[in-house]
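In order of appearance the chains are A, B, C, D, E and F, and numbering begins at 1 in each one.
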Amino acid sequence: MWEGGGEYNVARGLKRCFGLDTAIVTAFADNPVGRLVQDLIYQGGVDQSYVRWVGYDGIGRTVRNGLNFTERGFGIRGAVGCSDRGHTAASQLKPGDIDWKSVFGRDGTRWFHTGGIFAALSESTAAVAEEAMQAAKRHGVIVSYDLNYRESLWQGIGGQQRAQEVNRALAKYVDVMLGNEEDFTACLGFEVENVGEGFDNLQIESFQDMIDISIAMYPNFAVVATTMRNAKTASRNDWGALCYHDGKLYQARMRQDLDIYDRVGGGDSFASGLIYGFLMGKDPQWSVECGAAHGALAMTTPGDTTMATLSEVEKAMKGGGARVAR
Amino acid sequence: MWEGGGEYNVARGLKRCFGLDTAIVTAFADNPVGRLVQDLIYQGGVDQSYVRWVGYDGIGRTVRNGLNFTERGFGIRGAVGCSDRGHTAASQLKPGDIDWKSVFGRDGTRWFHTGGIFAALSESTAAVAEEAMQAAKRHGVIVSYDLNYRESLWQGIGGQQRAQEVNRALAKYVDVMLGNEEDFTACLGFEVENVGEGFDNLQIESFQDMIDISIAMYPNFAVVATTMRNAKTASRNDWGALCYHDGKLYQARMRQDLDIYDRVGGGDSFASGLIYGFLMGKDPQWSVECGAAHGALAMTTPGDTTMATLSEVEKAMKGGGARVAR
Amino acid sequence: MWEGGGEYNVARGLKRCFGLDTAIVTAFADNPVGRLVQDLIYQGGVDQSYVRWVGYDGIGRTVRNGLNFTERGFGIRGAVGCSDRGHTAASQLKPGDIDWKSVFGRDGTRWFHTGGIFAALSESTAAVAEEAMQAAKRHGVIVSYDLNYRESLWQGIGGQQRAQEVNRALAKYVDVMLGNEEDFTACLGFEVENVGEGFDNLQIESFQDMIDISIAMYPNFAVVATTMRNAKTASRNDWGALCYHDGKLYQARMRQDLDIYDRVGGGDSFASGLIYGFLMGKDPQWSVECGAAHGALAMTTPGDTTMATLSEVEKAMKGGGARVAR
Amino acid sequence: MWEGGGEYNVARGLKRCFGLDTAIVTAFADNPVGRLVQDLIYQGGVDQSYVRWVGYDGIGRTVRNGLNFTERGFGIRGAVGCSDRGHTAASQLKPGDIDWKSVFGRDGTRWFHTGGIFAALSESTAAVAEEAMQAAKRHGVIVSYDLNYRESLWQGIGGQQRAQEVNRALAKYVDVMLGNEEDFTACLGFEVENVGEGFDNLQIESFQDMIDISIAMYPNFAVVATTMRNAKTASRNDWGALCYHDGKLYQARMRQDLDIYDRVGGGDSFASGLIYGFLMGKDPQWSVECGAAHGALAMTTPGDTTMATLSEVEKAMKGGGARVAR
Amino acid sequence: MWEGGGEYNVARGLKRCFGLDTAIVTAFADNPVGRLVQDLIYQGGVDQSYVRWVGYDGIGRTVRNGLNFTERGFGIRGAVGCSDRGHTAASQLKPGDIDWKSVFGRDGTRWFHTGGIFAALSESTAAVAEEAMQAAKRHGVIVSYDLNYRESLWQGIGGQQRAQEVNRALAKYVDVMLGNEEDFTACLGFEVENVGEGFDNLQIESFQDMIDISIAMYPNFAVVATTMRNAKTASRNDWGALCYHDGKLYQARMRQDLDIYDRVGGGDSFASGLIYGFLMGKDPQWSVECGAAHGALAMTTPGDTTMATLSEVEKAMKGGGARVAR
Amino acid sequence: MWEGGGEYNVARGLKRCFGLDTAIVTAFADNPVGRLVQDLIYQGGVDQSYVRWVGYDGIGRTVRNGLNFTERGFGIRGAVGCSDRGHTAASQLKPGDIDWKSVFGRDGTRWFHTGGIFAALSESTAAVAEEAMQAAKRHGVIVSYDLNYRESLWQGIGGQQRAQEVNRALAKYVDVMLGNEEDFTACLGFEVENVGEGFDNLQIESFQDMIDISIAMYPNFAVVATTMRNAKTASRNDWGALCYHDGKLYQARMRQDLDIYDRVGGGDSFASGLIYGFLMGKDPQWSVECGAAHGALAMTTPGDTTMATLSEVEKAMKGGGARVAR
């Protein structure tokens, strides 16, 4: 039992693996479930000052906290997730609820990360995301966005078409755009050709084409990064990543047959590693290697978030073997 | 982790402790949580043919399965429950959804049990309860009802006043009315005087007065039964029960300082024991003793439902000690 | 801790994965262990009306419930089973104990499954199996039989020679004969040549030869089906299946290097999948694929029985990958 | 999951709490269950050189290891035991199997303890007990015997009448006779009058009468000791003990309302404490206090055997409170 | 497995139960054990900015993290603690290591709490405590001190005599002095007469005498508070508290026969409740009730620290019963 | 949670897998941690008569018991060990503490095993090791030594240079020298060339060269044995072993891609298997196969020590597959 969430996982990773102070902006229903999440976020080290606590009605008719049930998968049995997050406090956030001026101005935030899960929670959260991103831009804060397409989130509120409207509208505020190949296709409508099993040169070229189209359409993208995951079985994936920056494409070490313990959060840990690299002024190659290594390590432990340390990430970036450390 | 629910617990107790075939009429969202509940109800032995499975939207916006988080309590730390059951499939049941003719006619149901929790889920469930009770009466099926007042369920939909309107309207169909002293007060508006700590003769007289008023107002009540629970600490309760039938009041053995492991479901197990007695043609004294003993045993095990066997209940009815059986 | 048994596992799989109503005919000693098994079978959804409960002597001198201790194995450490099932109530079943007329006539049974484990429990169970199969034939009920050779069961009561006498005598009542290559050899005396490591064409031909001999000897076999398991390690098996029907051999998708969590029950889940196919009027290719996929999934979860759903089986039949479902 | 047994528990207590070297004479079936018991007995520190390992048939038809399933009880729910020990290797021991001359002669055994459970396993174990006790007497080894009446063990082999024949025959070899009031009545036919709830002077006199009768009938009893347990609930017992020696009756500190975690093994731990006292040359008052304190502590921990240390026993003998030790 | 420590527990309680921001000043060895403690302190919500991380030698020769093994006790079996904290980083803190000017000046600390455990770790920690308390006084920060006598800590470094020297020297900086009766006697040399079992008026007078002596000797004590714990058994304690302030003695509600789950941390939770009261400007009666209620609740949950919420404490202060909250 | 230690693991393996009586010579602090270790060693079957129990100071300032925290690793995440064993009772052993004459003379010890971990604990333990080895030689006891280089143990007491001085001094008493390639290099200063990933003929030649140098320098080495472990990932290792004896090199079956559950103790289990072979008079090929198979099996179970049986080892030596045994 643990806390998690696409955007939160990035904040937690930046704090607990990479040592940067982070905060989360969200809302919880004030009941024992919410207080348990609070307890877990304390452990995650992510500042909760911006969290809005909404009164609970004792039943969950008006507001709830979201729950996610996950099954890890094993071999040919794929991982399964069951989301139970209708009517959450977060989904009821609306423009004006958050004092973004304080977040980005007074408190000196340097980087803002949000994404396609938050934007899909409701009509109002898409508007909150836009409000936040505009405020971030006004304060010169870097904006990253993880497309994170979830068909189930969109199916009741307009489907993939609406997903594309929302994500395309938000994309124009984005400096660092993240996602996997499916996300780019589903959320922005870009097609990646020939993505079969395994990663060969042809496929990396396809990714490059996709990125080229992205850049052409959204010249505001300073960075475009994508993970490549080929789930041979639930227990064994090929895992890689690409990062575009300033006209060039950087490719992380490809890991064939990576042993997977819990796939959830691999993409988020990639994001936090990559963001760490850019925030610390590392070059794009270092950053994409850091993201890929961090994501690979995160999938060797249970839970949505990382248990890795920076020194473990650095060792994995160097392709460090698995000999015992003692 | 287990399944539970006021009305279901009675059905499960009648099946697994007392050996009578029972079925549940309810609805679940068709997702892994619902299928887990199904799995647990299989173990409970309660027939699921009448369960309606409602398609899930992948998120829980339109329909969910209810969750209940409970903390058992210990000593001065009282038990805590947190209900997360807004928007459940059960709360969305409406008149016409269930083919009561088949339930009560074709399938030979002999006893129908429902209560104030189901009636409080929504406007429509109160109507479903009425529809069901009317149908039961038409088919000559005995109707029992457990008042089970939950303030949190009513607070958003009219409060205690609405609770009384609904429960009073349904009470006229009831043959066997169950509840504790708080339930009678809150749901039907009857006051029990002088209910302090402990059970003395004065207090039992007060209960008797309450029951007299009940009978005067609802001459259709063939049986009125109430549990008496004095929670000295979360770990130690005084526990007793009264049962009115045919002009007389029957009192179960009073258990002082009963050791409590998990209080949840004590009242439901009282109900199933009492119903078993009447269904098997036992006299009211036997029936109320059976209910009280079953409830007492149920509170010595985790979970909402009974783990006792009929022979254990019979032994406890006789005040059988706690010597090892081997 | 769970319930299991060669024949029971098939009934449970048909119910909980495939949704068909099934019942078990067996006997238990009436003690807390037996009641625990009853509890678990409730969860399994298998009807227990035909179960005979035999009085317990408090010690286990006259009758017991069987226990099986299993160790899953890992890598080069093979799985280990320790059977403790002498003197069980099931092994003491004798002809006349069961009212087969009711089972097959009154209650409308369509398919009867038994096998070489039950037949090996004692002299009398072999006779009960024969009695049941004869009754099934009289009522036009399809009979399937899983050879399931266990050397330990036979060693004290006549060894492999006796195993062959019993199984050959019963084989003439069988419509659908199941087993792996070892079973056919040990129970029926058919030799499969050249079965080394891995599955090549030569070996599949050998299986075909074996099946040809079976059909020639037992023209009553409408279906002969066999699993192919090559245990490279305890954690990684090659897994496949063949099914003969109406003059043709159907081969399921071969799964190389299948990740194994708990091998126990793979064959039984193959059987329930195959039976489901034939019962639902699917063609042999579909049926053998269904059995093989179900068996493969069953080995990714703990316990003797399936935790898979029909839709998961269908996805696995199509070679569906292991991407997350959410 | 742990090892246990009336006589074994005494040996383990003497070793691990009291630091004396002990050995067990018994037999096990050589299968993984037996080897697990061996592993647990290693932890118990009891020498296994005299254990006979009997070949296993793979099934448990010819020989098994005994299993005991226990439920601890809580409040009004009494503890439950379910014995599954028919056909055990121990029950098949017969005169001549054990080289008692080595046990008592060569190896310098000073004290031999057996009892009514071993003697009830089968006809042959009663004979083995007699053989052993005779040998012990020949070598000048002190013999203690715990009556430990178990109705279930006797019911299939002659009932209480046979129990009395066997125990009375063995009693004449006994130096130190142990049991609770029920044991003396059931095994030796001595009646204790007026044993109701609680322990008052009248009842202690009754015990004294019973002991007087014992001594008169068996002048070979140097010590007669009995525990007094009044199970108010499964969680709270009154607990005391008496010890007769050399014409005088010694009474241990009476513990009212002792908190019970797991009652199993209380009597055995009394026995080991008492034996320790006499073996170390302590006076009878010290010995009976030691036994009572050890038994009281043993019932505060899970399992059949003691987890107490000698210093904890000594502290409890002095009525030492429950303040934290740090 | 959890984090804990006399002074830390107070800081954690003030944060997680009472909602005040707190920080800890200590040192850890930088190894996986230290990082686990860090993780747990994050969950505790206590600021770690002042924690010094000391390089680890890979072995623990030069510096370690302290471990404490605890056994909860049950009934007559008392709780047991085993401290393994020689050579800890905290014990090696020395004057000058901490920038107290920043702690008390720059960062606006309002209250400083330390005590007799920290002061007993080594010669240098007593000096650090004095340095800190002097600095606190300079900055007008309130100083509280919990005597917390641990015989084992002092026995190797001068025993009770040295304990009194150190504690008496530090006492002159203390505004709020805390401890139980044993602490005052052992650390400051004040005798409490007649403290037997239970709390009667006579004994409370004795406490009052002790407090009078304290005040006379240390007029700087603005508050003197003591818990009263009578461990009838490890599972049941009488629990109360007294608080002197401004010439008057305030007594908290006496709780007879309080059910104890884990006694550790009761005194620390008393301290945090009392401090919260004074910090929030509550009157002494409220404060001592708050401390006693918080301590009582903390002993109903596992771990050294509180799991209670402020509203639970407030309910317990009113003597709120143990009825279920739902 | 379990007991372990390089030398102890060998003794435990020889006892519990191979059935030989073994004893351990070490020292423990007499506190609950030490008594827990004692309890675990009882289970391990290793005689504790030679263990010295050192009084505990209640804190761990003067003496402690060593703790080792381990994380198993998974895939690319390597195993991690954190040693917390400064100031242990074992490290404070000094010459004269142990009566080696009794160990080797009176008690008939046939083989003495120690190694580089014990020798690295402190200056005095290196001296104890030398004292012991000299005594062993005097009594004609075979001496084996496992180099077991641990950088962290040496870094504070002279580093690798001192490690070489100590190990080289002790090497001249050794009959059977064990270690992996890293150990030989670090402890004795022998270089193995070209040891990359995987094991090819070239590399085996390098090992042979290293062994040749060893023999030349220490003609007292009757046997030199080394494990070869290539940690492709934490979950998959190549595993092999070489053994030199009497001029010839024997190579165990190479196991590619061995599934690893817990790598710790693989080398120790190799040692116990090899020693068993030589002690039983098996030939070197048998012995090295036995060691390699035992080590391979030990790494499929949790804990530092073996859970394998001799028959499982023999099966693995024959390359026995992973089919189920039942």
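The working rule: a residue touches a chain if its C-beta (ideal position, glycine included) is under 8 Å from a C-beta of that chain, and two chains touch if they have at least 3 such contacts.
Only a predicted model underlies this, so the values are computations on that prediction, with no experimental measurement involved.
**Q** Among the other chains, which touch chain B and chain C together?
**A** Output, common partners of chain B and chain C: A, D.
**Q** State the pair with the higher C-beta contact count; candidates are E-F and B-E.
**A** Higher contact count goes to E-F.
**Q** Provide the C-alpha centroid distance between chain D and chain E, rounded to the nearest whole angstrom.
**A** Between these chains, centre-to-centre, one finds 46 Å.
**Q** Please work out the Cα centroid separation of chain A and chain B, and write it as a whole number of Å.
**A** 46
**Q** Using the average of all C-alpha atoms in each chain as its centre, how far is it in Å between chain B and chain F?
**A** It comes to 64 Å between the two C-alpha centres.
**Q** Which positions in chain E touch two or more other chains at once?
**A** Where chain E meets two or more other chains at a single residue, that happens at 80, 82-83, 152.
**Q** Which chains touch, pair by pair?
**A** Result for touching pairs of chains: A-B, A-C, A-E, A-F, B-C, B-D, B-E, C-D, C-F, D-E, D-F, E-F.
**Q** Within their complex, state which residues of chain A touch chain F.
**A** Checking each residue of chain A against chain F gives 255, 258-261, 296-297, 300-301, 308, 312, 316, 320-326.
**Q** In the complex formed with chain D, which residues of chain C make contact?
**A** 31-33, 57-62, 64-65, 67, 69, 71, 80, 82-87, 151-153, 155-156
**Q** Using the touch definition up top, name the residues of chain E that touch chain A in the complex.
**A** Contacts found on chain E: 16, 35, 39-40, 42-45, 309.
**Q** What residues on chain C touch chain F, complex-wise?
**A** Interface residues on chain C, with respect to chain F: 73-83, 150, 152, 231-236, 263-264.
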